[in-house]
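Below is the structure I would like to discuss, written out as structure tokens.
In this document, chain identifiers A, B and C correspond to the written order of the chains, with residue numbering beginning at 1 in each.
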Amino acid sequence: MKNPAWLKCLVRLTVLTTLLGALAACQNDGQKPKQSFMNIGEFSVSRKSGHIEVRDGAGRRLALVPRGAKAPEGFGPTDVIEVPARRVIAYRAFEVGILAALGVPETLVGVTEPKEKWTRDDVRRGFEEGRIAYVGPSTAIDFERVKTQRPDVVMTWDPSIIPMMDSLGIPVVVTTTPIATCLNTHMRFVEFIAPFFGRENEGKAYFKKVAAALQDIRDRTRGLPKPRAMWGDIYEKRVLVEPGNAWVAELIGLAQSDYLFDDVYGASCIEISTERFIHSGKEADIYFTYRTARRGASSKAALARTNPLIAGIRPLGPEGRVYAPKPHYAQSADRLDEILTEISAILHPRAYPGHRMSFFVELPDVDPGG
Amino acid sequence: MMLRAWHSLRSIRLTVALCFLLAADLALGYLSLRENLEIFEPMSRTGLLEWIDTYGAANPRHAAWFFAMLALLGCLAVNTFVCTTDRVLYILARGHARRELPFRLAPHLMHYAVLVILAGYLCSYLFSTSDTGRALRPGERFSLPGAGVTVAFHGFRAEVFRGDRVDAFDGYVIRPNAQMTIGDGGKEYSAVLNFNEPIRAGGVGIHLNDFQPRRSGGGAGHNYIRLIVRRDPSAVVYRLGMAMFVLGLALYFHGRNFRKKEVA
Amino acid sequence: METSRLVLAIEALLLLFALIAASLPGRANRAAAAPWLLAAAAGVVYAGMRYRASWPMTPMFAGSVLHPPLLAVLGALSLRGSDPQNDPGGAPVARRWLIAFGLAATLAGVFFPKDFYLPMIKTTSPYAHGALLFGSLARACLFVAGAWGCAALRGHDAMPRVFRWMVWGFGFWTLSLFSGEMWSYTGWGVPMVWEDASTLTAIGTWLFYVGVIHLYLGGLSSRRTRAAMSVLGAVLILALNGGPDMGPFVDPLAVAGGAR
């Protein structure tokens, strides 16, 4: 060898780097590394002495302290939330479902959809009892109404309400992130919300239930031929799809199927070019639309009329299938295990004989009587 | 002992080996980062030490490349410093003509620049603070108590894109021109905030992170700006390092040294 | 979008003709010049179309497909003063590889296009444009170095050219990284935006060339090893930096049908 010193040097460094990497990897692998810290995607929960510190979807630090306990230092007045929270306003139906999964649906005191938009019995009952109030549309909530409801915390995707909420002395937690949440984060999001209610055990039980459903999906679909699926829609020439890093995309991949926007990366409902949507649409077997029947997805023909641009995609023809969400799909986070199973059943009907659809509807070719 | 260590650290072979190992490590890092962005993205907010303690420690398998990179960069920094200092002392001792000296020192200026950049990055991840949760609607303001700065947002004077040249952009805002008033140490002044055009006041950088509405009458009724407020005193360090590197590069290209060093 | 892909496909076809012609024996390989020139023209048209479809924003994931016309221009410059038919410096070999590297990048763009992302307003920054343009220049220079490296591997006296082009490529790559860093600082206030994983491969490639340049300057290895490293660098750029710019497989014939 011409350069033994060189080689020695290289070998030593390779060994050193590998050792360092392995050391870092083995230090805490196999167990929950530091029980005091847990990240759920970009969200995190950190147990400190006397309080729990969480980082929300906007990267804000919030302290969860037991009722009556002293607020920790370094947090503003509205960055401290007394737990268990007793009164909550939730922007998204997803959080409403999570409250039910944690067994605390009665803490909900405000929502951003009126009573008639809700299919959940617990929410409708809350409205009837006068406990839950409609605080206005999410884009323009009525801050006076919010104040009247005296929430311990507002769960929102809209950080622009924070200054006003600060002035009202109401803590806010941002529950979405700029990047779409992956399947793992979607399933474990309950573990981020659970500490707000001291319901960590219920959160773990819920996660276990969903994880078991996922395992069942893996087992049932193993080795089956792969259908090709796409998820998205076109609105006024703008194309929105679920990217490959979104939970639905990961689920489709996990359920032995090809997700046609697997290579697309970004936020939930990311915009791509029309050509790409149509190109992938020509290869797809199954198409999931964002629209409900009320927004034009009552049949393949109706969908093609609403969006002439997508009329040529394969699922809208006789060989393909199109599915639209039912109104209660978005409100059923507490039944996530059933939703995952249903998506898998849509992808592989033969693996789920006798499955009755609850959350999606397969669109007929034309509207009944049309 | 010290001298022996100094001599073994100045090896150019070590430099080459470290560079190749770093390149390989970063290629592996690409694969890890692509699938686990959510683990690394918070580092800009938390800083390096807290990140290592939390996200890094909680995800050792995905962060192993990053820890290896830190170790390799540390070795490269020491090696570069020793190697360069040794060489600079040698050049200075030889008493080259004054005109020639800048060209002879040009590569070493680049070496020191790399060290300055690395030090700047390290300080940035160790000492900077970041607030990513600020949002303002028209008419609202907030103050940054530590900096003695108040920031008020009044509205947009948006420039809108017209035409169908860019797919799906007709009628969309291309430049929001957020109208701001900044109060800094008793003085108040107007400022315009845009993407990539931060406002600096009281030692903090105020960056536009997002805004609504994206088009006239759009945004489903939303009207706000989201901000990143970041105090990073070391930003000037790594920018100085970059300027040093570019100067060194320019000197290297223009110096006679370049032609002489061409390898036959 | 479909029309621009068609132009890219034409560029690839012309490069293929040029490569075939350049591989012919004797004076016949002179025929490579015309298709190569036309391919460069098609590349300029393609780059213009991509820029027109996004200006004042930066076209997304365009680094790998914008540099082939630059590679043709710089490659032709590097061939100046040498006889493409018979040259002890290995010009015929270098020319074949110059065309081949351009063809590889163009084919990747034809069969694996990633032009479906809409441009982002944040990319209106001059630093974002700088990162893309310096990056394209750097790739072109480093491919020129790689092509001459191939000639050196075949025993030709091409090492001075390899080193010169590598240093220019390294310089432009550095400017591209610094532009990207400045964009990151002005846009987000941070030294590095973690959202784009391909930043890591860009830094990795830069470090690889730091290593190779030190190999040259330190005279640490044989000429053959150094030449091989410059070729490996070109391959690494295609894989590490071209990979993130590639989308899913698309049949270009279907696109041609769509464009009609």
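What we mean here is this: a contact is a pair of C-beta atoms (placed from the backbone, for glycine too) under 8 Å apart; a residue touches a chain by one contact, two chains touch by 3 or more.
Keep in mind that this is a model prediction, so the values were computed, not measured.
Seen from the C-alpha centroid of chain A, the farthest chain centroid is that of C.
Put simply, the chain closest to the centre of the protein, by Cα centroids, is B. Taking each chain's centre as the average of its CA atoms, chain A and chain C sit 40 Å apart. For the pair chain A and chain B, the distance between C-alpha centroids works out to 32 Å. Our note on geometry: chain B versus chain C, Cα centroid distance of 26 Å, whole angstroms.
Residue positions of chain C touching 2 or more other chains: 1, 118, 195, 220.
Across the assembly, chain A contributes residues 3, 6, 179, 271, 273 that each touch 2 or more other chains. Shared interface positions of chain B, i.e. residues touching 2 or more other chains, are given as 13, 16-18, 20, 25, 37, 41, 130, 167-168.
Against chain A, in their complex, chain B makes its touches with residues 11, 13-14, 16-18, 20-21, 25, 37-39, 41-42, 45, 53-61, 63-65, 67-68, 71-72, 75, 130, 132-137, 140, 142, 167-168, 212, 219-224, 226. Across the complex, chain C meets chain B through its residues 1, 52-57, 118-119, 121-122, 124-125, 127-128, 159-160, 163-164, 167, 171, 174-175, 178, 181-183, 185-195, 197-198, 200-201, 203-205, 207-208, 210-211, 214-220, 226, 236, 240, 244. On chain A, the positions that touch chain B within their shared complex are 3, 5-6, 9-10, 13-14, 16-17, 20-22, 24-29, 32-34, 37-39, 41-42, 44, 46, 55-56, 58-60, 137, 139-140, 158-164, 174, 177, 179, 182, 185, 237-239, 271, 273-274. Residues of chain B that touch chain C in their complex: 12-13, 15-20, 22-27, 29-30, 33-34, 37, 40-41, 43-44, 107, 120-121, 124-125, 130, 165-169, 173-175, 195-198, 205, 207, 209, 228, 230, 232, 235, 238-239, 242, 245-246, 249, 252-253, 258, 261-264.
Here chain C touches chain A in the complex through residues 1-2, 114-118, 195, 220-222, 247-248, 250, 254, 258, going by the rule given at the top.
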